[in-house]
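Below: a set of structures, written as structure tokens.
Each of the next two complexes has chain A plus one more chain, namely chain B in the first and chain C in the second.
== the complex of A and B ==
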């Protein structure tokens, strides 16, 4: 089976996020008020061949921890996407 | 030290400066392509500045998997002197040869300026010839130079003299003003500033010499 998996990589709690802070500061200038706690992160999408959903997620988590994220500063979370990518 | 290998990744751009600095100090330096796996002919290894593998994903994230890095890890394990400058420091943290990580500068500014560093430990191959509290003017040139680590790691590197260089005025949000960090044995050192660009007063500063001369002497104070 082919599973469409999305991996979200976000900065760990307590790690400074200058990108998120800069975006948040820019919003009022564009007329968006009341937006707080903006966090920047990355999202990776992939198709994974596996026997089950669980196996696909396990593989995604493993590669996310090994390569897509740096565990010193980032958390990675794998989830199943709703649609199969073409 | 007679012969230094300067590792070149696709996207490195300070390898010639590093080689020139070594040759200025009378040491033969050879550029080493990142696919090479035998470093036995060298007495020291430099990972130079630049943008290894385009800095895609994170600085150093892909360089860590270059074939040469396994050899660099073995070289370090055997006590060889390894120096990571700027991007090379980022590669060493990603590879786990130094603790912590380097995160985007506070304020998201790319910084290209002179900084004043303070030698805070001489228990490393980079700082063994410098005096404690000695001030050095050395330029920085980076976007991701804010050193980050957890409290436990910070306490450990602080207590064991692994923080070898600190900024007098923190330019990038680096934890504990850390500019340069060594491993426990002191044979692996990473720093964000560029000592190879501070080799001549004619070009602004010659304060990088005392650091690179230490590296060439390859001596770690007990």
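== the complex of A and C ==
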């Protein structure tokens, strides 16, 4: 069965986020006030063949930690999206 | 009130995704089989001051479309995370 899995990669707490900081600084001049703590991250969407939701998430987590993120500075979390009909 | 909002930016259907394609090609050699349709995207997390969830989401959607994405090739969607105690 195919499971649609989304992996979110975010910077760990305390790691400098110049992209987020730059966006946040630019917002007031562009008419957006009251927006704080902007953090930039990455996401990866994929279809994973597996026997169960748990197995799909386990494969995604392993893949995310080994390939999609830098564990020194980033956290990676896998979650299920809706099942794709294929 | 502060609302924690997550903006997901993904490539539109049909737009070439070389990052996702490169990851997908590399997976079998690294021991991950059965992973298909890998798509790379971006995400932005932020706290938004607003009177209601709807107002926070509306501000995030407007901000996402104007600043965080390229509407020619990308879709941007805002969703609520958990409320931050601040």
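General remarks:
Here, the second predicted complex is superposed on the first by the 83 of 86 C-alpha atoms of A that agree within 3 Å, B and C clash if a C-alpha of one lies under 4 Å from a C-alpha of the other, contacts with A are read in each partner's own complex, and residues count from 1 in each chain.
Note that a residue touches a chain if its C-beta (ideal position, glycine included) is under 8 Å from a C-beta of that chain, and two chains touch if they have at least 3 such contacts.
All values reported here derive from a predicted model rather than from experimental measurement.
In the superposition on chain A, contact of A:41 is made with chain C only, not with chain B. Of the two partner chains placed around the shared chain by superposition, neither chain B nor chain C is touched by A:55. In the superposition on chain A, contact is made by A:22 with chain B only, not with chain C. In the superposed model, C is the one of chain B and chain C that contacts more residues of chain A. Shared-chain residue A:68: touches chain B and chain C both.
Looking at the shared chain after the overlay, A:10 reaches chain C, while chain B stays out of its contact range. When the shared chain is aligned, chain C comes close enough to touch A:32, but chain B does not.
On chain A, the surface patch touched by chain B in one complex and by chain C in the other comprises residues 67-68.
Chain A makes touch with chain B in their complex at residues 15-16, 18-19, 22, 67-68, 70, 72-73. The residues of chain B lying in touch with chain A in their complex are 57-58, 61, 65, 93-94, 99-101, 103-108, 146, 148-150, 173.
Here chain C touches chain A in the complex through residues 2, 8, 10, 20, 23-24, 26-27, 30, 32-50, 59, 62-63, 66-68, going by the rule given at the top.
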